[in-house]
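Structure first, then comments.
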Amino acid sequence: MNSVDFTKWFEIWTSEIQTHKIHLSDLDNAIGDGDHGFNMAKGVAAYQEAHLNKQDLSIGDECKLIGMSMLSKVGGASGPLYGSAFLAMAKSFGDTKEITHDQLVAALTAGVESIMYRGKASRYEKTMIDVWLPVIESLKQNNLTEEMIDSFVNETGPLKATKGRAAYLGDRSIGHIDPGSFSSGLLFKALLKLI
Amino acid sequence: MKKILNRPEDVVEEMINGLVATHDNIVHRVGDTRVVARNYEGNGKVGLVSGGGSGHEPSHAGFVGKGMLSAAVCGDVFTSPTVDQVYEGIKAADKGAGVFLVIKNYTGDLINFTMAKEMAEDMDNIKVDSVTVNDDIAVEGSTWTEGRRGVAGTVLVHKILGAMAENNATLDEIKNESEILINEMATLGLALTPAIVPQAGKPGFELADDEIEFGLGIHGEPGYRRAKLHESKAMAQEFIDKIVAELKLKEGEEVVAFVNGMGGTPLMEQYVFMNDVLNILKGLNIHVTRKIIGNKMTSIEMQGISLTLLRIKNKRWVEYLDQEVKVAAW
Amino acid sequence: MKKILNRPEDVVEEMINGLVATHDNIVHRVGDTRVVARNYEGNGKVGLVSGGGSGHEPSHAGFVGKGMLSAAVCGDVFTSPTVDQVYEGIKAADKGAGVFLVIKNYTGDLINFTMAKEMAEDMDNIKVDSVTVNDDIAVEGSTWTEGRRGVAGTVLVHKILGAMAENNATLDEIKNESEILINEMATLGLALTPAIVPQAGKPGFELADDEIEFGLGIHGEPGYRRAKLHESKAMAQEFIDKIVAELKLKEGEEVVAFVNGMGGTPLMEQYVFMNDVLNILKGLNIHVTRKIIGNKMTSIEMQGISLTLLRIKNKRWVEYLDQEVKVAAW
Amino acid sequence: MNSVDFTKWFEIWTSEIQTHKIHLSDLDNAIGDGDHGFNMAKGVAAYQEAHLNKQDLSIGDECKLIGMSMLSKVGGASGPLYGSAFLAMAKSFGDTKEITHDQLVAALTAGVESIMYRGKASRYEKTMIDVWLPVIESLKQNNLTEEMIDSFVNETGPLKATKGRAAYLGDRSIGHIDPGSFSSGLLFKALLKLI
């Protein structure tokens, strides 16, 4: 993937986030505090604006730009989690304009590790990790499809949350899709369009 | 949504401006950050920093001033402030003896405050330590989960640690005391009506005309039980039963009782509730050494109330609570 | 009606009990009367007595204490206290230098306070004088009518006269200053939602989801205009235009700006409104020497706000406002 | 009228007040603060209770009892106004068990004068005075009827209030019956049953 496609990835994702803003907040309303859509929209808007003045960024710098936007504009849990994931990816990619499939997998792995480190969470706790990990798994096996991503997102529904704000609901969190998983699903479905 | 507002997206900016202009004898805004810092220098003393989402006014900026917080970091409504804003707060609070962070136990707050702490330590060589307040016993805690939420008890932590810092306690002393303190308190809240986040424009949950929710969080997170509205006495009894059991409070012990209004509940009801609380505690022969009341850790316009009991394990906590402060809202 | 209550008919009793128990270091209840009096003796000083219907908490009992009121008389909700209760209040406040009554301009308050004044003068030889606060310019006054209502400005009267009494001013001095003071202030309020008197169980008026009422009284008396909810800035502008015209405020003059919450309006909105008020006054080149904010003269759970401006005709008023007090709610 | 009938007068009135409690408060809601019914009910209940322990009171003492009940239990405007009216009547009647029509008129006149003194109001200001004055007038002429009392009450409707809480409404007070006039109407209709 070259840097033009890479930038397109974030372009598609960020516009998808704007489109699904209300839906993301509604999901968060059910088991959290109803701001996930607003949080994410604010972060991606900051990225979109910052992007206007930048041209021909390396893939690493592109990741850094979106990471810093999330980190400095979003707040909440998702801001620093997405932020540190993108920053870890930036570090993993480095100053390049073309990446291989393996580099992509390695960077995403660094990203999810950063999320897990910051969020002190692992799989099946009903967080975005439940999308990142299986997506990376499937990417490795080169068989990721949109349907799979949707099912990873939907599979957070039956889980009982043990991390994040939804964890305070205990059993009452069961039956609702995790909002951060939904926004991560959008991220990977956008990626799928370009690889 | 019926609110006195201009554009919902400007609410935090305008609120901070109104706040620092109103209390300009006590606080100021640090540049164009979301940090409200005290005018009083407190050189050589540990700086106390708190913060979190906005919508809990007067928390946290209303407690900034001599004898309490050095700075408060104001996030968006019900959203933890960002890493760089907390970092600015730490820098503003550092007066040479280190900075102590009072964090409420929410994933977002924890991550943002922790990352900011690391930044200040790495980039500015500031000694930073922290406590994570988790007084809300509505949600069961276990080491495998998020544990309990931080709610109104945080205000007592601010007051007690603030007095210690003012009296020149070291960062380690404050850290040690904070860990003892948070283990001696427990809070339960209930809501009659929901809060509306300005940007959302609609309530996060609905309650029927005769319904209340027990154990609701200060951001409208669902609680442990929905019930029909019942008498103040019965609500006080339910809270006290649970809190007494949790803290294993025994006859003859001394506590601080803090009745906190959620924002939309008038003082009239808070006093009625306090009256019931005191009567029940009297019946249990638990001595209420200090009583605190009012809208201190709110949830925007939510109607509701919370009760915090703090066992007075250290007599000096009472002195710290009584110690003079110069803040807007204590 | 959704309230934290036991039996509606007991609300004032239980509220007073809760209040004096909470603030037992500052106030006490006089026997089984409806009088909350301060613990501080203030011997040889003029006693300041206020009161009125309950439902305006923290007014008036929250302002009882050293440097402010000597006693507050608590009527039923939104109902002036009875003659004999006011009489008890006057007796409790008398420390040898006479008693000064701060009355809000309502028929009921006037009659009950006046009759009590006569009783205390006739039966106990206590020197009693009074002022009738009528700061609400929503209602036009004329000598042929009731004149204007007394609302939030009353709190400033308590603070300024209370400081004077504490500084050993005589009854006559207080009376003279009070008459100057009330002519220099004006208030306007608005409501977003009604208040519910517990015993009535339903709101006294209705407002549609997007409607507000300008000029509403603190008991839910209708105001001067219904309007669609609009921006905070525009509401602040309307109030300031009217108040500036009424007080004939001129460029370069100094004022105190007091933004008062009606009970159910969160501080968030009060700060946003204050921010607009200060910006507009700045544009008019009117200097705001002191800013006061918060739920001080409320209308139970009503959502709404009022703005009071006081022209600083006497520089000492600022000192009186700044003077230390020991009360629950200043 | 003898003291037994006299007591009956207050008995009927106080029970009528209880019956019309909600209606009185509703009237007050329209142009005041909605408490007139509760205020009056509280006062008459105090009188009824105080009355249980008293027997064979003189007419003056009966008036004093109800006057003190209103004065010490009601508050608001109506409490001291009714209170001082009944106290003035007590003074006018003195320690007697039988009164003439003239004595009744004289006492009611003393009563309304006390209301006017305390309330600083006169006729046509949309207060209870607008019932007391014409009632006394008609009593003097011996032609008072229930219909007349009702019409005195109803005639407060078109008036613009210039005294009492309703005065703050200005023109908006027009078209609503004055609650204090309604409760006074009940007083005089009860009287009519006994003379």
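For reference, chains read A, B, C and D in written order, and residue numbers begin at 1 within each chain.
Here is the rule we go by: a contact is a pair of C-beta atoms (placed from the backbone, for glycine too) under 8 Å apart; a residue touches a chain by one contact, two chains touch by 3 or more.
What you see is a predicted model, and the numbers here were worked out from it, not measured in a lab.
**Student:** What chains do chain A and chain D have as common neighbours?
**Tutor:** Neighbours common to chain A and chain D are absent.
**Student:** Averaged over CA atoms, how far is the centre of chain A from the centre of chain B? Could you give it in whole Å?
**Tutor:** Their C-alpha centroids are separated by 31 Å.
**Student:** At what distance in angstrom does the C-alpha mean of chain C lie from that of chain B?
**Tutor:** Comparing mean C-alpha positions, chain C is 29 Å from chain B.
**Student:** Need the CA-centroid distance for the pair chain B / chain D, whole Å please.
**Tutor:** 54
**Student:** What residues in chain C touch two or more of the other chains?
**Tutor:** Within chain C, no residue touches at least two other chains.
**Student:** Where in chain D do residues touch at least two different other chains?
**Tutor:** none
**Student:** Could you classify the connectivity of these chains, where an edge means two chains touch, as line, ring, star, complete or other?
**Tutor:** Contact map by chain: line.
**Student:** Output every touching chain pair, sorted by label.
**Tutor:** A-B, B-C, C-D
**Student:** For the complex, which residues does chain D have touching chain C?
**Tutor:** Per the stated touch rule, the residues are 25, 29, 32-35, 38-39, 42, 71-81, 83-84, 118-119, 162-165, 167-170, 172.
**Student:** Provide the residue numbers of chain B that touch chain A in the complex, in ascending order.
**Tutor:** 53, 75-85, 106-108, 111-112, 114-115, 138-140, 144-146, 149, 197, 199-200, 204-205, 217, 219-222
**Student:** How about chain B: which of its residues touch chain C in the complex?
**Tutor:** Within the complex, chain B contacts chain C at residues 2-6, 11, 14-19, 21-24, 54-55, 57-58, 62, 192-193, 209-210, 212, 229, 231-233, 235, 259, 263-276, 278, 291-293, 295, 298, 300-301, 303, 305.
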